[in-house]
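Paired with chain B in one complex and with chain C in the other, chain A is shared by the two complexes that follow.
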Partner chain A sequence: MPKFKLDDYEIEFSPGETVIQAAERAGRSIPHYCWHPGLSVAANCRMCLVEVMPPPGRPALSLDVLRFDEKKGDYVKAKKPKLQPACQLAASDGMEIKSDTSEHVIEARAAVQEFLLLNHPVDCPICDQAGECRLQDYWLDHSGRSKRMRDEIIHKPKAVDFGPTIVYDAERCIVCTRCVRFCEEVVGDPVLDKRERGNLGEIVLAPGRKLDHAYTLMTEYVCPVGALTAKDFRFKARVWFLKSVKSICVGCATGCNSYTDFDPRDQTVYRYRPRENAAVNRYWMCDEGMLDYQRIRERRILRARVQSDPGASATDALHKAAALLKGPGLAVLLSAEHSSEDNVSVLELGKALGAEQFFMTGRPNGEGDNILRNADKNPNRRGILNLLPTVSSLAALEKAVEAGQVTRVLALGSAVDGSADFLRKVPVVALSVHDGPIAQAARVTLPAASWAEAQGTFTNAAGLSQVSEKAVNPPGDAQPGWRWALHLAGALGVSLPFTKGSEVRARVQPRPSTAPSAQA
Partner chain B sequence: MTTQETFSSAEGLGPRKVQGKPLARPDRSVGVQAFIPALIGGLGQTIGRALVNTKEMVLGTRPDPVLEAINDGINTISYPEQRRPYPERFRGVHRLTQREDGSPRCVACLCCSTACPAQCIYIEAGDYEGDKKHAGYEKYPKRFVIDELRCIFCGFCVEACPCDAIRMDTGIHPAPYDSRDQFIYEKDLLLSIPGRHGDHESANPRIEPGEPGFPGITRLQHH
Partner chain C sequence: MEALDIDLDESEVELAIEPMLVNVGPSHPAMHGTVRCVMELSGEAITRVDVQVGYLHRGFEKMCERGTWSQVFPYVDRCNYVSPMLNNVGFALACEKMLGMEVPERCQWYRMALGELARISDHLTCDGAMAMELGAFTPFLWMVKARDMIWDIMEEETGARLTHSFGRVGGMAKPPTTGFKEHARAVIDQVLKIVNESEGLLLGNRIFLDRLEGVGIISAEDAVSLGWTGPCLRAAGVAYDVRKAHPYMKYSEVEFDVPVGKTSDCLDRFLIRLEEIRQSIRIIRQCLDRMPDSGPINIEDPRVMLPPKESVYTTIEDTIRHFKIIMEGLKIPAGEVYSYTEGGNGELGFYLVSDGSGTPYRVRIRPPCFLVTGGLERVITGQMMADVVPCFGSLNMIGGECDR
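Here is the complex of A and B:
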């Protein structure tokens, strides 16, 4: 593999890569604003300037400059090397590049930083980006001094309403055009553009349009500064209070990799952020997915419910559920909304109780596109099919209930892809997160933990199994599916092939090295 | 006893003989044991002091505790009628300063609650709405709660505040309330507490860009 030298490090690259790409991959990041690995190169922020050493025997590209001489008290003629943007510089074999070790690069970075902050209002206290802002980070790393301009700053439009989800502040904008390029290149909806130049430059909407495509929050997320802010997250939390766990978006069957950002103090999830995965979502996520955290708290079932007895305690509900499940004609209704862990727990409980008929449901189909969004809004349909390839649909369950083959149902999940009215005819014990059609029809409903409250494995439409970590504690009496399965098994006097969460996870989670032997 | 002493001293250990001048026994004469002269003397001093205090109170000539502290001798402060004045930089209970229009200067940046080692500050941020001057881009605290019982009065919140919105210059020390919820100071209460000079606005004026007095040169002045 060809190599180039960045400061004191040898960095390998594949032909065609730029210096910044290879450096980023090698973990020797070069500071940048406008460059984004998933977007085209604009080279307009000038933060990634590096010094390219001339080949042996060749003179360096240099510029004639005037430099202030302290001793003479006057400007003197000097030379300085012509710096080049690393994002636009194709790497070539044997190249020698100076970044952190070049005094010219260090000076240029400080100058660029000062330049970008010339007209910045420095309103970090009221800016949602504070804490994850490139301007803050790079100011500390590369500048650390106040600006020398004594003029009033250029005032530009503030709080411009870009659409239903986004607010734009032109004073904080560094006009890196990441948002413009994202809308054009990834979404294919060139709704943003740049107008004016120099210190009057700002991002504008196409006339008569709003930023209202399906990836507006991602447009906000690519913004390296606080110019674009999301209305949803606006003024809700300060990012330094938030903790992140690696999660999988459960909004659809694509299974985008995400971070769940939550406040550990009040156990509240505040947002989803995309997590890079070249095999699934690259760098992106859709609005639906990034706002999906809201669903965690919506219409939650916090206490066990018995339809005939509103005052029943959790123990009463458990015994009532056990009584309903005992007997012939038991069917298990799995949910493509839930993780494989939840599904396998309910499946094993059903098998232990002698169930022979298995059905699957989930959220109804929605809108899809050919970027990320899948029309199947269930994150784990493939996971259930892997567990149980012969599983039948909700319509088949309805027929079986009408025909009298099914006389009792153990159901998992909240939403159904069809009508759940027929479930009222038979006793149903449901493990539900939300108050949906299944919980409405069920004689006994036990509160299940949501996807953010338990570790779970989801298999996306492409067949890739991915693990989503636990972020917050389950609210109320909610518990993960395997715990309820164990409680029910205890009340019914049957034994399950697992006794703790790790054993359930071992049955479903992908383990490259040990998977074949463990499953056999 | 003697054997023991000999044994101990032979070993070089054990209790040594106490050497020193024997003290005179206290006077236990009848006059002293009866306590009567001392009793009369003590009562006389108490009554005399009471008379002096009453006279000073009536005439209003009670010495200033600060000036009295300069003199030699024991300084008496008749707390709570008389109080030693707190130093200028005493950190009392918090207050929230106001802008000219009476709205809080606080922009709900949460710097104070971040800096607070006791985690006693709770802030809920909100948007200025309608035709307010800062509507659209500035935050304000919808709720601002300080648990004065949990506060350790370190003053980090005042140091952290970028807007001079929280101050501890009230000169008030937290009162001993009789229930815990009285120590929970809400925004309205914090805004209503004046500084030690009775002011609600902070000493540092808040000048928006474009207003006269804004630091730096405006475009019009310059060009």
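Here is the complex of A and C:
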């Protein structure tokens, strides 16, 4: 493997990689603003400048400069090496690069910071990026100096409405063009462009257009400063109060890796952020997925309810549910919205009660594209097919109910990909997160914990099983599916092959995928 | 009426032979804060005593792990709360040791002057309270008056009389006021006068001397093995003062003596503190003479010092600097340090462990009076009940420092 030397470290690289790419992979980061591993190289911020030592026997590339001499009180001629941007420099074998150990590089970084902050507004107290802002971090680590300009800063438009999701602040913008490159290269919709140059530079929309494609929130995500902010997150939370867990987006069958950011003090999820996964979503997420966290809070069922008895207590509901599930003709309706842990718990409960008919439903199809979005808006269809390759569809359940083969249903889930009216004809016990068609039709509904409130395994359309961690505690009386299964089993006097969450998890360990589709 | 026992034979009289258990404290005027002593008395003599501290434990060391480095200053203020400046300076020196930085000269003189004023305030409180508990109310009031003059200086300089949280990593919160030197010189003259008067009043009093002389003696070996430092150790004859043994700041450049006792009784401990006040006054005079009247008090390091407020509101760089230092805390490189100074009661140590972030990983305060209180048992066992008052008073146990 070819190697180059960065300061005192030997870094291996594959041919074709740039210095910054190889350095990042090796864990030695070089400060940068405009470079992004998922976008093309722009090299306009000049923060990643490094000193390249000349090969043996060759003179260094140097420039004639004037340096202020304190003792003489005047400028004197000096030489300075020409620094190269590490994001653009192709790594070559035996190269010697100085970054933190070169005084020229340290000076250059401080100078770049000074320029970037020259016309920057004093917005930290009101800027959402505070706490995760590269200008703040790099100023402290690489500069620490005040600027030498005494004039008023150049004023530019602030709080420009770019579209349904994004607000732009031109004064905060450092014109790194990450947003421009993202829209053009990843989305294929070049709606943003840069106008003017120098300290008048700003980002503008194509004439007559708004920033309205399906990945607009990614422009906010790539923006290293607070120039692009999401309307959904603006002024809602300060990032240093938020904790993160590694999660999986449940918006569709792509299974993008994400971080769920929540405030542990009030147990509220405030946003998702994409998590890098080269095999699934690379660095990105779509707007639908990014905003999907809102479903954690909306239309939740918080207490157990009995359709015929509004004043029923939780124990009443449990006993009523147990009474309804006793007897022949029990069918289990699984949900592709839910994790494999939830589904396997309900499946085992059904089997313990003698059910022999198993069906699956989920959210109806939506829009897909060839970038990230999958038309199947359920995160775990393959997961259920792995558990139960012979599972049938909602339409098949309707036929079975009409034919009298199914006389009671144990259902998991909230949404259906069809009509749920037929469910009113038979007693249904539902474990639902949201107050959807299944909960509306059910005789007894028990509140289930959502994907953010329990650890869950989801198998995406490509067959990859991924685990999503628990972020917040379930609200109200909601509990994870396996807990309800144990309660019901206790009330019904049957035993399940698990007693703890860890045992449920062990049953859903990822298995190699086969891909039969649901039988109608 | 004739005596009841006139016809009884001596062997027939039953005298109580079981010792009496008396619980003193934690809520007791003589227990200097909150200490519980469970005493076994045989008549008036104490045969055994169990000293129980911890009633003022507030979990400071744990709380320090939940804030930033500069948020520790209010906690250390409330440790030895009669000489808070010494605690502040001690902790600031510990952080600066880990950062490898030294504050400007003007700041060192300023810290020394304020620190010695705090030491005087500590000793005035101890000796004044000791006298009062033995019935001498006048010297107590005189010494408290002197202490209040010192607190007036503190209020003028820091804004608060007692818990001022004035120290900062890399300097102090504010530079000295223009009237500081004049004020301080006037006050220490007054304090010296009051100390001399009080001493004259007390040392001529037979009862006072009888209560203190020969009472509560502890040997130098015992004191050293108990871990005693400060005035109590010096009263036992061991000449250990951190300012002389391991000089810090400018203590090696000022002239002062360290009084050492001979008999290691309560009187020695009382007198040593008065003598230390006189030596502190000497130090303060030299510091005030040598402290420059202009020049920086704080280190100019943007990673550690907060910028002036006017530029925080007007420039982006100082907004960022303020934001980073406050929200993330000033960052001290990973490592550990033990830094020690001469506190009011002895070697005040700070053992700090940093994990490189703005939050301390561990702050361990070595409280000098915790070890001194550990010797209370040895000091009062065998003494009489009434001797507990001067003995405990002379040890100067400060609850805030002992229990944290």
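By definition in this document, the second predicted complex is superposed on the first by the 509 of 520 C-alpha atoms of A that agree within 3 Å, B and C clash if a C-alpha of one lies under 4 Å from a C-alpha of the other, contacts with A are read in each partner's own complex, and residues count from 1 in each chain.
Please note the rule applied: a contact is a pair of C-beta atoms (placed from the backbone, for glycine too) under 8 Å apart; a residue touches a chain by one contact, two chains touch by 3 or more.
Since we're looking at a predicted model, the values are computed, not measured.
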item: First, second, both or neither for A:E398, with chain B first and chain C second; value: neither
item: Contacts of A:L140 with chain B and chain C, given as first, second, both or neither; value: second
item: First, second, both or neither for A:E17, with chain B first and chain C second; value: neither
item: First (chain B), second (chain C), both or neither touched by A:R150; value: first
item: Contacts of A:E51 with chain B and chain C, given as first, second, both or neither; value: neither
item: Which superposed partner A:W240 touches (first chain B, second chain C, both, neither); value: both
item: Touching partner for A:K158 - first (chain B), second (chain C), both, neither; value: first
item: Overlap of the chain B and chain C footprints on chain A, listed as residue numbers; value: 121, 124-125, 130, 240
item: List of chain B residues in touch with chain A within their complex; value: 107-111, 114, 125-127, 135-139, 162-163, 209-210, 214, 216-219, 222
item: Chain B contact footprint on chain A (complex, rising order); value: 121, 123-126, 130, 150-153, 155, 158-159, 167, 169, 234-236, 238, 240-241
item: Chain A residues within the chain C interface of the complex; value: 117, 120-122, 124-125, 130-131, 135-136, 139-140, 143-147, 240
item: Chain A partner contacts - residues on chain C that touch it in the complex; value: 301-303, 311, 313-321, 323-324, 327
